Amino acid sequence: MSTKAKEILTLALIVVFCLVFYIRKVSGGEGIIFSPLVSWLVIAAMIISLLWVLVLTIKGRLISRRVVFVYVGIALALPLFMPFSQKIPISPEVQALYDSVKTLKPGSKVLISFDYDPPSAPELQPMAESFIRLCFERDLKVIIMGLWPQGPQQANMALEKVLSDDKMKAKNLKYGEDYVNLGFQTGNEFVIQRMGTSFESMFPTDYRGTSYDSLPLVRNVKNFSNIEYSFNLSAGFPGSVEWVQIAVDRYGVQLGLGNTAVQAPQMYTYLNAGQVTGILGGMNGGAEFESLCHYKGKATKYMLSQSFSHMIVIAFIIIGNVAYFLSGRKSALKKK
Amino acid sequence: MEHFSLWLAAFLTLGIISFLYKDNAWYKLTEAIFVGLSAGYWFVALFWDNFYGKFWIGKDEHLYLYVGAFLGLLMLLRLIPKIGWISRWPLSFIVGATSGLWLINYFSSNIMKQVQATIMPLFSTQYGAGFNAEPATIIGNLVIVFGTFTGLVYFFFSKEHKGAFGYTAKMGIWVIMITFGASFGYTVMSRMSLFIGRIDFLLGEWLGMIL
Amino acid sequence: MRREIPLIITGVVGVGFLIQYFIPHAPFSYMSDWFSDWFSIVGACAIVLGALNLLKISAQKAIKRKKDWVYSLVIIASFLLIVIVGLLEGKDFRVAGTNFDWLYNYMYIPLSATMFAILAFFVASASYRAFRARNFEATLLLVAAFFVMLGRVPVGDVISNFMPEGWRLSNLASWVMNYPQSAGQRAIMIGIGLGIVSTSLRVILGIERSHIGGGK
Amino acid sequence: MIRLPANLDRKACAAFFVALFSLFLLVPGARSQDAAAVVDSIIQAVNPDSLPPELYPQAVTNVEVKDTPNDAGKSISISWEKSVDDYENGKVKVYRIYRSEIVDGQPSEYKEVGDIPAGLDEYSFQDGNTVDGLEYSYKVMAVNYLRENNITAWEAVSVTVPLGPIKSSAQWFDWRRINAFIGVILLSFFIVYYIQQAKSGKDLFIRKIAGMEAVDEAVGRATEMGKKIFYVPGLSDMDNMQTIASINILGRVAELSATYETYIDVPVCRSMVMITAKEVVKEAYSKAGRPDAFQEDQVHYLTDDQFGYAAGIDGMVVREKPATIFYMGTFYAESLILAETGNSIGAIQIAGTAMPSQLPFFVAACDYTLIGEELFAASAYLSKEPKLIGSVKGQDVGKGIMLAAIVIGIILETFNIWHFSRIFSVID
């Protein structure tokens, strides 16, 4: 069969697969979950095939990029159907963040800045949800804003999720009194700088168009000195670096960070220098925070996929090095 | 419409993923849509957020905004080839302002702040606390001081990296390599999470396979 | 004059924005705010030039029937589609339920989120290729990455369960992140700070002037 | 082309220092008068009959109101020590600050300007909403209350006597930043000094920067293979020093490729960068003596969008297969998408960025990487212009001073001699 024919066949199979499952979903089909036996079989099959790849490599046949891609895809997708759960160890920087929130008195005002957009939501949305949940549980007042245009929409999604919980419904939380969403403002780090003198000048209205003055929660909040704690969910610029440099360094704000795992390493210098109280790094940080808050959210659910994908990457690094050493450090292996 | 929306989103998602296999017509189509759509998206966003939201609404109250509009106008003179060189004026303004602001901001945050954080008592938890640090902290402090010192030596440009100086610089690049390794390792995790998000869309929201 | 005036503007404006940091009094206190607003407005004007450039090059490609010219038409069409929808929508173009919002949610988001997400694959293939113990530096990179990668997921602690509390892989990963990693970051940051100060000064003093271009 | 007067640089240096030092002249007359008013408090119970007296907390003590120092005005600071009833589950739940404008010597109505929940040891509040020049009077209240289901059952309030009158004003120099001021002047001095040294003909050494060493070879290879060079100037706009540094490097690389008669393609994602890069490449071509070879479309805009830009460049890379790719400037997550795709077609890749989070990817996937500060020194290295090299020498002296400060400081602090790190403090 020619390559072209193979490609068309594969494409057709994918289309059929999608159609079958889509029709199944539309007609009310439930999600799929593997039984433990099947799960173990899948894992065993993956290990055996990896060993096979190792054998091939030792024999001198290097695998192509595409094979690596297929393995990564499988390692990320299949664990979502497995019924296992795992214990999550808590790292000190997550504990520190949780503790610093716990020491706040009920009624304290917490400013949460949503500085990310949907592409980074898989990592940051679970943190947002569990942080807001924690604030509400401890009767803290939540003020939301965004330096990224799509941030406040993400905040609304998180709020909706948290408030739909029965425990939260019982608290009878009111918009404007217990939480408020000030919306998005352009100007990147300059927004933070100007908030140092006046919140109202940057957010004359909230995202619904209600004027700042008529929101009881923020009416008396002039600037950072009226905020007890702030939390920044950040996926890049403008984000944590700007919050630390301006809000912390210039206005002495107490700041906690929720970062994508890419950004997190850079933030450890700030943690060390005492500029931030704690860091949630990546989906793992989110899962740790969820377990501190005794809540099973999406971060916890996805941790299995996460672990699997790490194992796959590590496996390939080992395979790559085995091949490298067996080839007598020939530079021929350097490319592909 | 809802079916169409989901299938369209899935079509575009899979189109990008198909690039992993090889460059193909599907990817070329999605790439073209992406480039055109995102350029247009930012065009609209900048028009409404910056031009309308910042300038048009605020111009009567804040007269200084006219300066921005004037600079923008000078920039647009580019469209008239004969006097296009005037657009260098707003550009020099921006470059000048950026240099001034960055000079001082990075001096305080990257130099002052980081040097301050590096200067610490090695055997105490903080200045004046006496020799109260635990062995792990002391080792940590030593590692930080050693790493920062050697790392900075690596960045010396005006001295040849030879002799003792060269060895120090070499250790500096080792520390930097460890830093890169750790960052890389951390990022592997982050990147995996992102694709989990897309799988959640494809297999969950679209095909309804995930519980 | 084509070079002098820009040089003078750069120098004067540069010094002005440098000293504003030390002067809390108006108008210096407003300068950085002003600049942010001005820059936003200039950016909004400048994107017209960029968009015209994109349209021009795509149109040329289509007219000359160069290879893959059909895709150039797709670029033009999708650009015009979202711009027309967005401008007709008015200033509340982002509100949920608008046509712009639909384009955003069902076209823009899947595209950009997926482009972001295929990094998962590139990161794997890059590690497969790059993490080889080729020399001492590469080995250090490999070892640090290895510990952090394992230590940051629960599996790491399952493997290192035999170690006493406080010495498991997750603790080790934290230690690496907190100390050697921090040290390296700090050296890089101080270096960057010095580099930026020096480059800014060169620009302000007019020694580095290639950004101004040439001509009379 | 008009030549610049040779002494312009010196004039510019002089002007720069005059501008900096003239700040000092502004300073003396502008120091703030800290009109501080310390008042003992007297209990003024609100509605004394309505609640049992034991519910009332003691009022706060040692209240101080003053114009917030080192600021742009419009702000008054109030600080106080906690009430004796401020302890865990004590009688103070919250402190409220009230303000009134003084008109004709008499305070008008007091209105709440802020509150702080109890539970701290010392309190300070900044009222950032005053009008400079007007006189104000303040009161601080210690409040006890009972609240059930968001409804306040009762409140017991103890108030201080009116504090003031007090005015807010703006200052001409921020004394908290005097250390940064001196530091910037010192560092600038060294840089300018070595620039002068270099200009007067002193030969200054600059070490090899591996990535820049390879530029010749990389451009040469593209020429041999008859393929293009891509130059990607990163994601940021002209308001970022990395982009400016990248544009400077572009000037040198474009000149080189013009000399070798190799096509350099610059896809950009910001319109202003496009304009600047066009000027730079055009100038490079005429410097190389081939002004006619420059094409307007060599520098072209794709999209402002991060991943749209990455998708576009990926497509260009796999279709046009450039021999050499430069990535210089600010990069975020797209760094690895670009570098891996470039690697898959076997291009020589030279990267440089000051984004610490992206450096590892470039190091892993590219042939050469400029790490942080090297990006800023690269244009000096490539140009070999004495003045630029002089500035690099000056920045090295700055680095030396930092290293010395770190060593001395650590010795002083470790042996408890002096709290040295304070002089680098940039907060307050």
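For reference, chains read A, B, C and D in written order, and residue numbers begin at 1 within each chain.
The rule we apply is simple: a residue touches a chain if its C-beta (ideal position, glycine included) is under 8 Å from a C-beta of that chain, and two chains touch if they have at least 3 such contacts.
What you are looking at is a predicted structure, and each value in this text was computed from that prediction instead of being measured.
Novice: By label order, what chains touch chain C and chain D together?
Specialist: A, B
Novice: So which chain ends up closest to the centre of the protein, judged by Cα positions averaged per chain?
Specialist: Smallest offset from the overall C-alpha mean is found for B.
Novice: Looking only at C-beta pairs that count as contacts, which pair of chains has more of them, A-D or A-C?
Specialist: Result: the pair with more contacts is A-C.
Novice: Among all other chains, pick the one whose mean CA position is farthest from the mean CA position of chain A.
Specialist: Chain D.
Novice: Can you work out the whole-Å distance between the CA centroids of chain A and chain D?
Specialist: Chain A and chain D have C-alpha centres separated by 26 Å.
Novice: Let me have the rounded angstrom distance from the C-alpha centre of chain A over to the C-alpha centre of chain C, please.
Specialist: About 19 Å separates the centre of chain A from that of chain C.
Novice: Return the distance between the CA-based centres of chain B and chain C, expressed in whole Å.
Specialist: Computed from C-alpha means, the inter-chain centre distance equals 4 Å.
Novice: Distance from the CA centroid of chain B to that of chain D, rounded to the nearest Å?
Specialist: From the centre of chain B to the centre of chain D is 14 Å.
Novice: Please output the residue numbers of chain A that touch at least 2 other chains, ranges allowed.
Specialist: Residue numbers touching two or more other chains: 65, 69, 72, 76, 119-120, 149, 186, 249, 261-262, 265-266, 269, 272, 281-282, 284, 306, 309-310, 313, 336.
Novice: Residue numbers in chain D touching 2 or more other chains?
Specialist: 72, 177, 180, 184, 187, 239, 241, 244, 272, 275-276, 279, 301-305, 307-308, 311, 319, 333, 343, 356-357, 359-361, 363-364, 371-374, 377, 392, 395, 399, 402, 426
Novice: At least two partner chains per residue is the criterion; list those residues in chain C.
Specialist: 7, 11, 15, 18, 21, 32, 37, 39-40, 42-43, 46-51, 54, 68, 109, 111-113, 115-125, 127, 129, 131, 141-142, 146, 149, 152-153, 177-178, 181-182, 185-186, 188-192, 194, 196-197, 199-201, 203-204, 211-213, 215
Novice: Help me check something: in the complex, which residues belonging to chain A touch chain C?
Specialist: 65, 68-69, 71-73, 76, 86-89, 91-93, 118-120, 149, 153, 186-188, 190, 193-194, 261, 265-266, 268-269, 271-272, 281-282, 284, 303, 306-307, 309-314, 316-317, 319-321, 324-325, 329, 333, 336
Novice: Report the residues of chain C in contact with chain D in the complex, numbered from low to high.
Specialist: Touching chain D: residues 1, 3-4, 7, 11, 15, 18-19, 21-26, 29, 39, 42-43, 46-51, 53-54, 57, 60, 68, 111-112, 115-116, 118-119, 122-123, 125-127, 129-131, 141, 185, 188-192, 194-208, 210-216 of chain C.
Novice: Tell me, which parts of chain B touch chain A in their complex?
Specialist: So the residues of chain B in touch with chain A come to 3, 10, 14, 20-21, 45, 49-50, 53-54, 105, 108-109, 113-114, 116-117, 144, 179, 182-183, 186-197, 199-200, 203-204, 206-211.
Novice: Touching chain B in the complex: which residues of chain D?
Specialist: Those residues of chain D that touch chain B are 177, 179-180, 183-184, 187, 204-207, 209, 238-241, 244, 272, 275-276, 279, 301-305, 307-309, 311-312, 314-315, 318-319, 356-357, 359-361, 363-364, 371-374, 377, 381, 389, 392-393, 395-396, 399, 402-403, 405-407, 409-410, 413-414, 416, 419-422, 424-426.
Novice: Which residues of chain C touch chain A once you look at their complex with the stated criterion?
Specialist: For this pair, the touching residues of chain C are 32-33, 36-37, 40, 94, 96, 109, 112-113, 116-117, 120-121, 123-125, 127-129, 131-134, 142, 146, 149-150, 152-155, 157-158, 168, 170, 174, 177-178, 181-182, 185-186, 189.
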